[in-house]
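Note that the chains take the letters A, B, C and D in the order they are written out, and that residue 1 is the start of every chain.
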Amino acid sequence: MAIEDSGEPIIRLFHVHKRYGAKKALSDLSFEISRNEFLFVSGPSGAGKTTLLKLLYLGATVSEGQIIIDGLNLSRIPRRRIPFLRRKFGIIFQDYKLIPQRSVQDNIAIVLEARGAPRKTIRKKVRSVLRTVGMEDKRRALPPSLSGGEQQRVAVARAIAGDPQIILADEPTGSLDAEAAEVIFELLREYHRRGATVLVATHDAALIRRTGGRVILLEGGELDVVTTIPRLPA
Amino acid sequence: MAIEDSGEPIIRLFHVHKRYGAKKALSDLSFEISRNEFLFVSGPSGAGKTTLLKLLYLGATVSEGQIIIDGLNLSRIPRRRIPFLRRKFGIIFQDYKLIPQRSVQDNIAIVLEARGAPRKTIRKKVRSVLRTVGMEDKRRALPPSLSGGEQQRVAVARAIAGDPQIILADEPTGSLDAEAAEVIFELLREYHRRGATVLVATHDAALIRRTGGRVILLEGGELDVVTTIPRLPA
Amino acid sequence: MIRMVNRALKDMWANRFLNAITVVTVALSILIVGAFALFFVNASGLLSLWTKEIRIMAYLEPDMTPEAIRSLGKRMEGMPGVGDVRFVSRERALEQLREGMDEASALLDSLEENPLPNAYEIHMAEAFRNREKFELLATRIAGLEGVSEVEYGQEWLNRFIRIIDLFRLVGIAMGALFFLAAAFIVANTIRLVLYSRRDEIEIMRLMGGAEAFIRGPFYMQGLLQGALGGAAGMTMLFGGFRFVADKVAEGGGFLPVRFLPDEMILGIFIGSMVVGWMGSYVSLRQFLKA
Amino acid sequence: MIRMVNRALKDMWANRFLNAITVVTVALSILIVGAFALFFVNASGLLSLWTKEIRIMAYLEPDMTPEAIRSLGKRMEGMPGVGDVRFVSRERALEQLREGMDEASALLDSLEENPLPNAYEIHMAEAFRNREKFELLATRIAGLEGVSEVEYGQEWLNRFIRIIDLFRLVGIAMGALFFLAAAFIVANTIRLVLYSRRDEIEIMRLMGGAEAFIRGPFYMQGLLQGALGGAAGMTMLFGGFRFVADKVAEGGGFLPVRFLPDEMILGIFIGSMVVGWMGSYVSLRQFLKA
């Protein structure tokens, strides 16, 4: 069901500001993300990459400005509709955010349970995404007993389990060796081909060059440049 | 007080095995680390890098074999001596392990308080290490309000606060952009020059090449190769 | 629904340490409330046993016809608050006096004539055993035609009735206090449990879990913890009761001890479930706000 | 030491939510234990007031010299368990009988001679007010030369003494139960608090913190929480007491209510600190093992 990059924006930001107390984390960001785009958000440590993603899934609210996702104005969305907004997303958190008391498979199943999927579907889907990231044999393990890279792969598996429209990946390969990272990136590209919009926050320039795409470069919370980097020939 | 690499081993492993239940995390590792060496432990995700470091600071105990550090056999060390062993180390944990309820400066002060340092010394030292990693202005912040890279820098600051003999750094730059990573590595090299033994676990081959040194390569818990990689000319 | 119970049970198993602590806390709270209730039930049972013996003696005019006496008795029986009315003839009264006087009874032998009047002994209905009502009744009986004088054991009566009043007051106050305190403690415990799981709740919300989806299992757990704790507390209470009851029996069985009435057991049990539910409710409101 | 208190205080402030819950739990537990103690103190005070009236009447042989009577009185006073001994002459006895007989007192007028004997009225020392000791004493008095007969208000006596026995038994059992339950609840609460901070404890150990360094502030906190909670609980109890006492006073002040004796307040306060300390101790043992 490969959908072409239609150019129609799925996410739009208008003069977005985010302050934590006196600290300005993001200043006056305005840009659009097209449906089915593969976009990078980059910048040094503390530039505001994670903060930007947070605003999109309403993990935090804007201090000023507007964000419109799929026609929904996030400032106007009623509280009980927030879960529905979030189900559009598959999120890979920088710190993984796995539930430590639950097994790997339960951690993933919860995404599908929240959507009310039937039990059999859940079981199959959980297996399949774990196989994709190479973590099938650890499905009964608890997250704290996994290595850093293994936890990250579980986080990736969870993000794609719900077949999201938009994937938000915050430093999705920071704990992975080059080979495992390539597997994950191939996965993201695969979902992109199948129609998802993918947003990757990373400070890793090499990684961006390997994949190519539009890059939003932040610097101290401000939009520095927007460039398009071509895919490095392999 | 630059101490030469004397060649005398500070850490020795003899046929070390580590099992978690049926799972073998490390198999039959034997090698030595010289005093004031700068050593890398590398290998893909799940190879056992973190597990190896854990055994050194007694975060876990060996299933078989012996580890001798600075003349102390870790299997024979009485419980109440463990804190003294740990004070030899400065550890940068892969998941940082910052105390979320305490401010950045308190997180670092605790290392020095545990050693019974006087209050004034603590204050000065905390400031100085925070300055070194560029986090002085965030000293009153709580760790959860920091970006991933900022947390990692605090973790580095804490590790060096106690002027440790041995620095164990588990993926110390995974969340950092190239520039910040270089600052941290320069810091590790500086401590190395001042006499510390440094052990860095990382899967990042580029990073190893930039610094150079002996590399212990693990693969599925087994010692794959030990090579020495020369420093890449800048 | 079944799925939610399922999730709740799975969850309780995954967090068995936390759950065990909550259940133990509920059980101990219920034990405390129950022990107090048990004590109160028995003590007031004992007292109301005694109050059965409180009676009003209505001494009659000397020259009444048996007919008039009988109709007076009927009128007394018809009065509100009157439980039992017994006729005590002057002959019977003299006999009783003789029995009661022991040592001094010899002096009654020298009597020519019985100086005692006929009387009615009036016991009160259970619901009316409090001082105001009792005194009101005595006054009304004294006003009846044919009654020359009314007597009631002033001193003992007052003591009894006062202790009953005290018991009622203290019982209600302490019962309410204990229940509230127990409810607070349980709510606090559940709050702590949720506090230590706030990350998990936050993660579920970020995954797009609707509020009902997230809260459901917690409510279920609250109910289950309440029920388990209530059952455990009641069982401990019953164990303790058997122990004390045996001691009492050894000591001569002088007191009629009994366990809580069934409806009270049920009430406490339901109360413990409500407390579990409320604890979850209050805590969830706190944590799921932001 | 000062540094440890300092760290404990800083720590309590950093974790004020957790600490508040522990303090509230301690306060409520202390309130429960205290309320029960208060009730028990007042009720048993009331009962011991009444038991003062329990007495043994020792009727004397008719033809004793005043000298013999007096020496008999002395002997009685010397017996263990005897509190107060009062002589009641036969004349006084007749008067009392007359007063007590009300209606029927007319019949005493026809007496030629006083048929009543002299008597001693014996009250017991406080410590001896239980049934066995009482009966033993009565038997021993009956055996004395010059005593013709011993009488004691069988029925009332037994009731009083039984209720005192019951109170003693139930009081000790429930007091112990409440205290244990409260201690458990507090320990559980502290355990939960530590549970939610186990990562922090683990991190401090990894940083080379010695056990004393890590545990010290927790013990300190346990003590402080116990003390704060104890003080708060006692304050609430006193508030509740004032309220009930006012009610009682309104209701005619028929009962002598009083607050807990000072040494008991101190005891409960120290108990609450011990509970806080113990709670930390038990929980720390659990978490710092591994």
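As a convention for this text, a residue touches a chain if its C-beta (ideal position, glycine included) is under 8 Å from a C-beta of that chain, and two chains touch if they have at least 3 such contacts.
The structure displayed is predicted, hence computed values, not measured ones.
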Neighbouring chains common to chain C and chain D, by label: none
Most widely separated chain from chain B, with each centre as the mean of CA atoms: C
Whole-Å separation of chain centres (CA-atom averages), chain A against chain D: 67
Euclidean distance of C-alpha centroids - chain A vs chain B, Å: 30
Centre-to-centre distance between chain D and chain B (centres being mean Cα positions), rounded to whole Å: 62
Chain A residues counted as touching two or more neighbouring chains: none
Per-residue overlap in chain D, given as positions that touch at least 2 other chains: none
Arrangement of touching chains [line / ring / star / complete / other]: ring
Each pair of chains that touches, named by its two labels: A-B, A-C, B-D, C-D
List of chain B residues in touch with chain A within their complex: 20, 43-46, 49-51, 94-95, 145, 147-150, 152-153, 170-171, 174-180, 203-206
Complex contacts: residues of chain C adjacent to chain A: 7, 10, 14-15, 197, 199-200, 203-211, 213
Chain D-facing residues of chain C, complex: 17-18, 21, 24-25, 28-29, 31-32, 35-36, 39, 43, 46, 50, 59, 97, 102-104, 106-108, 110-112, 115-117, 149, 151, 158-159, 162-163, 165-166, 169-170, 173-174, 177-178, 181-182, 184-185, 188-189, 191-193, 195-196, 240, 244, 247-248, 251, 254-255
For the chain A and chain C complex, residues of the former touching the latter: 57, 59, 80, 83-87, 89, 91, 97-99, 101-102, 106, 110-111, 113-115, 158, 162
